[in-house]
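Next come two complexes, and both contain subunit A; in the first it sits with subunit B, in the second with subunit C.
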Partner chain A sequence: MNMIKMPGRENTTDEMVVGLPRALLYFRYRVLWETFFRELGVKTTVSPETNLEIMRKGAERSASEMCMAMKIYMGHVDALRGKCTHVLVPRILDFGIRRVMCTNFEALPDLVSNIFRDSSFKVLSYDVDSGKRKDEKRAMIEMATGLGFSGKNSAHAYKVASRAQEEANAAAARRTEALYHKDGLKLILAGHSYVLDDEYIGKPVFQKLEKMGVTVIRADQVDRKQALRESEKASPTLKWELSREIVGSLVMHYPQVDGIILLAVYPCALDSMVNDMLIHKNSITKVPVLQMTLDDQTGSAGLDTRLESFVDILEMRKGE
Partner chain B sequence: MEDVYMGIDVGSISTKGVILTKDNRIVASAYIWTEGNPIGAVKQLLHLLEEQVSGEEYRIVGTGTTGSARQLVGTVVGATVVKNEITAHAVGTTTFHPDVRTILEIGGQDSKIILVENGVAIDYAMNTLCAAGTGAFLSSQSNRLGIPVEEMGEIALKSSHPTQIAARCTVFAESDLVHKIQVGHTREDIVAGLCQAVVGNYLNNVGKGKKILSPVVFQGGVSKNIGVVKAFERQLGCPVLVDENGHLMGAIGAAILARRSKKRKEFSFDIEDMEFITREINCGGCPNNCEIICVYRDGQMIDSWGNRCQRGDAAAKKAARRFSEEN
Partner chain C sequence: MGEKKNRKIAFPMVARYNEVVRYFVEQGLKQTYIMQPPMTRHTLNLGVKYAPDMVCTPFKTILGSMIEALEAGADTLIMVFGYCRLGYYGELAETILRDLGYEFDYLNLAEYTTGKSKDYLKALRKLNPDAKAVPLGKAGIDGLKMLERIDTIESLYYQNCGFEITKGQYRKAFDRFMDDMSKAQKGSDIDEGYDRCRETFDSIPVDKGPFPLKVGVLGEYFTVMDEFSNIDLEQTLADLGVEVHRWMNVSNRNLHYPGEKNLNARIREYCTYEMGPTSTANIWYAKDCAERGYDGLIHVKSAGCTPEIDIIPVLQRIGEDYKIPILYLTYDSQDGSAGFQTRIEAFYDMIEMRKKVIH
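What follows is the complex of A and B.
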């Protein structure tokens, strides 16, 4: 965090507004972040839902090799300019052994500070890194005390926030679990929450499938602890936290559904390896698997054909 | 008066149509080039089909469309069923070859593999958004070599030492090809190498990880190329069946799907004389600025699509009002 601290910064929490880009980890930590700042009495603002304008701005601000989710993130940071004094960009490296995040999340604060170095907001960050013995709790409390809040208030805010996030996760997992017991055609949509929750790239896939009368179940909304354990059955060496949750969820649930759609954005290093592994692991592919990669093209014909024909094949199998 | 069913398959390169009876007899069929004008091609196709059934006692009670222009053409002809080409091909092929296990299909810009078990499609794969190793690649290379694409197969068979051509990506394949021509490989060997490259590319990309079981049926426009068929047989080590109606299979499947569906609507060939126009508008209702396609019949908007939300419908209606005022 030291690197990102701006020199000569005063404690100005009164007019402080923290901007939360509606992309990447926002969908995972929405409740945690919003509750944490509310408990501290700090205002927050969230960027609007992704639209073509944000996509375009993001692509302009990014290097061409960044993945589409990163480009969208930069678009959201851009949309927050002028609306906040700080933008929250955590650096999350890992949660322990074989619980690593994608390196993009490690680079994010530095990237944002550099790309938006001319902008008026400051980059607010916290640093989750097991090598430095910093878990999420310690990192977030440190961030708050760095802003001038007392240790006691900061610890209290974290306690309330993390409990709220855990309850939200458990509720989402319960809701999703119930869907596996529904009748009719069911399929799992497996992808990162920042792909599935995104209004512009992920939501249309949901809408199209639901229009066809399919029950769509998200792989990422799952009992995370159990999923981490179960993922070992598919691969004992898989090390990415987010991938392990999704893979574990697939291992737990594939016998209960008619098909699996692996949804990735281009180019995702994690998914390119993990999805390929899944396709060649026969235990999971006892059910049909459709691998789809989203890119920023506006024509939807290819997407429609693939989804439609996949659902047709599942229906034909089921009708047998 | 016998009830019959029509299937139309409008692909990027060719447009196919059949009229099918209840017992799967083809009473009319046509195969023409799309030439970038799907509506014009369909009108011409309907004309050809009408000629073949004129004077006979047939009544078309169901119409199915498939292929990449299925939605547009479905609107134009008032189709009762609009289905994607994978399902149409699977249905068509399993009707004529009930024992088939693997369907290979290489078309103009798509290539796919469909795995069948007990007459039901159980799995499929399609080329990703890249058109490497499809008909479009073969036809652009035939232009380069100055050989009509229809003759490539026969020329390939004359070769005894097919040239090795990189098959991973068409851009690399093309530069490899140019290089091989310049260092003196014969035309027969180059063409045979191209056919092998198409097969290698297909098996590496589309067929990756799929169990290809015999009987194998090969269809799509490229199946008319005997050089590619032989290359498949060599690489798969089993006979590859090419149906004489393989190029029509999508249209046949669409007709069968129209028959299976309960929707009935009598089709009249009058639409040949109507004027159809498509217009692209940008919605402008929000930053997404969706591209909306509006289809007009004799100046009246009959359908529109492409919008992500309801705002697009309003924009389309507005455009339709403007359109009728202008004309």
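What follows is the complex of A and C.
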């Protein structure tokens, strides 16, 4: 059963509107999710870009020690209240051995249903868990058949959606790959997509760097299969899928850039260890590395100064 | 791992379980076991100095106790793994130790994650390729027996030591038991030590009165079990006159775990899925204590423990539904004991007053 609170059976899909919180895995799976529901004829709505109000509401709803990305997510769920009948909150545990997600993604559907138990929307979920032999395909098809769609329509919707997502990923990786061949000062911005794509926290870093005339290249947009292979060489027991993509990408590309910025949100469990590993044992430190951690107290002045001085250093090095 | 006939093996300090590892290494692998000194502030300071700043506290403690084991003469370290950040402890700790210049052989069981549990046993045999299967199996079985006995005795100790008429009797028997375990050479030594301790425990006069205060302690796997890491939480509670109950230990979570499905069925109103490696057990235990009419719950975790942070909203709901007070304690490496003492005493005063009103 994928539904945390069961709907009143099949006829609900007509009035059904699925809310997609614009946070966490939305940036990784937006094409997959939006195409999937469109193919099924289900309306979707996306929460607005992160703003101060969303940050504030999210912090109110969350346990105080959760990471900023989780707090932002709760703010987006809050913003969807009254705008949809369901909110899509997948549970993604792993894709196989040493291909796991942060435990937050395992807890997410139950967290949302507990935190928002006073709200009228239902939590719609799908469960990706290799121990239960559930990959993304099976999990999403089960979610759709649980809503009353036929197995055939559900499978078709998944096929179209996953192909669209794969094409989007490949296109992003190609576009990003081309940037490594550009002239001028280049640096890699390494961070989770939900940090880099977030309007309120990640985008300002991007814009600031671009304004300084730097070519900013995202580590997470990469040929994922190749990155996974590279990460295994760099760190054999590294098990987090998202970290492995980023680490693999850094190992593949560091000789082509002038510097690396490791951008994390406070307090990211994965980055707390992985970034340290990178500094300790990896060759990537042959180029200058700046570690930055964003928290909800960050004013832009401190951030600007650090970015500016880092770019200054890179320019000086390049000038020599 | 290099070829070596005589190893000096050590394992990071974890609660009272190092005696079990010692027994297995000596009796099964027929190698020398190096027991580092008990953890102190110095252990944690070593960890804090060399570990990343924002990693969860058990990594720092474990790193510190690995350094102390190497300083005590160990030449081989064993490291286990888990389903949270613990799964990456092994590799990062090795990297840091090698950067510090330590030379040692390392068995990181996380490297043997293949989906088959017998591969871990194969890995352990690398520590002594000549180890015979029969003594190895026997030491494994006896070692697990010791582990269960330690858990049973520890559990009885914290449930009763706060009510003894003559102070110190329980502690004396418990210390004697741990001393027996540290000397055990064969299965019957474990049994004898255990039986003697049970008999002594049974003979110690206690006065619990009609309504002793009962508190359930739950939380993060490492910090909740390890008295150094939780700054003697259970002893502090017991000394105030509380019956302290804790389900989370290696016997319950790893040897006799009822299984995710069975436990989840008991908390369906709170959770659809498993939320983290120990989440289902902790949520179930919180509900179970509440249903048994315990007077309070204490949730223990190290700073930044993601799975435990994520069950807090569920625990808060259980607290509301069952009207049971919950104290949330987060341990980081900066803490002295004074702040904790005050909070625990205030919690005790509150549940005691509540109890008087109810009865």
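Quick note on the criterion: the second predicted complex is superposed on the first by the 309 of 320 C-alpha atoms of A that agree within 3 Å, B and C clash if a C-alpha of one lies under 4 Å from a C-alpha of the other, contacts with A are read in each partner's own complex, and residues count from 1 in each chain.
Following the convention adopted for this analysis, contacts are C-beta pairs under 8 Å (C-beta built on N, C-alpha and C of every residue); 3 or more make two chains touch, one makes a residue touch a chain.
Quantities reported herein were computed from a predicted structural model and do not represent experimental measurements.
Colleague: With both structures lined up on subunit A, is it a clash or a fit for subunit B and subunit C?
Modeller: Aligned on subunit A, subunit B and subunit C fit with no clash.
Colleague: Answer with first, second, both or neither: which of subunit B and subunit C does A:200 touch in the superposed model?
Modeller: first
Colleague: Have a look at where A:54 lands relative to subunit B and subunit C in the superposition and call it first, second, both or neither.
Modeller: Touch status of A:54: first partner only.
Colleague: After lining up the shared chain so the two structures overlap, which partner does A:308 touch, if you call subunit B first and subunit C second: first, second, both or neither?
Modeller: Touch status of A:308: first partner only.
Colleague: For A:280 in the superposed arrangement: first (subunit B), second (subunit C), both or neither?
Modeller: Both partners, subunit B and subunit C.
Colleague: In the superposed arrangement, which partner chain does A:166 touch: subunit B (first), subunit C (second), both, or neither?
Modeller: neither
Colleague: Return first, second, both or neither, reflecting whether A:135 touches subunit B, subunit C, both chains, or no partner chain.
Modeller: Neither partner.
Colleague: Quick check on the superposed pair: does A:239 touch subunit B, subunit C, both, or neither? Answer first, second, both or neither.
Modeller: second
Colleague: According to the contact criterion defined above, which of subunit B and subunit C contacts more residues of subunit A?
Modeller: C
Colleague: Nearest CA pair across subunit B and subunit C in the overlay: distance in Å?
Modeller: In the combined three-chain model, subunit B comes within 7 Å of subunit C at the C-alpha level.
Colleague: Under the contact definition given at the top, report the residues of subunit A touching subunit B in one complex and subunit C in the other.
Modeller: Common to the two interfaces on subunit A: residues 280, 293.
Colleague: Which part of subunit A faces subunit B closely enough to touch in the complex?
Modeller: These residues of subunit A touch subunit B: 51-54, 200, 204, 279-280, 288, 293, 295, 297-298, 300-302, 304-306, 308-310, 312-313, 316-317, 320.
Colleague: Okay, in this complex, where on subunit A does subunit C touch?
Modeller: Where subunit A meets subunit C, its residues are 1, 4, 63, 65-67, 91, 97-98, 100, 102-104, 106-107, 109-111, 113-115, 117, 125, 127, 235-240, 266-270, 272-277, 280-281, 293.
Colleague: Show me the residue ranges of subunit C that touch subunit A in the complex, using the header's touch definition.
Modeller: Against subunit A, the touching part of subunit C is residues 51-56, 59, 81, 83-85, 87-88, 90-92, 95-96, 99, 108, 110-111, 113-115, 270-277, 279, 303-304, 306-307, 309-314, 317, 330.
Colleague: For subunit B, which residues count as touching subunit A in their complex?
Modeller: The touching residues are 68, 83-87, 90, 118, 120-124, 126, 128-129, 209, 286-289, 291, 306, 308.
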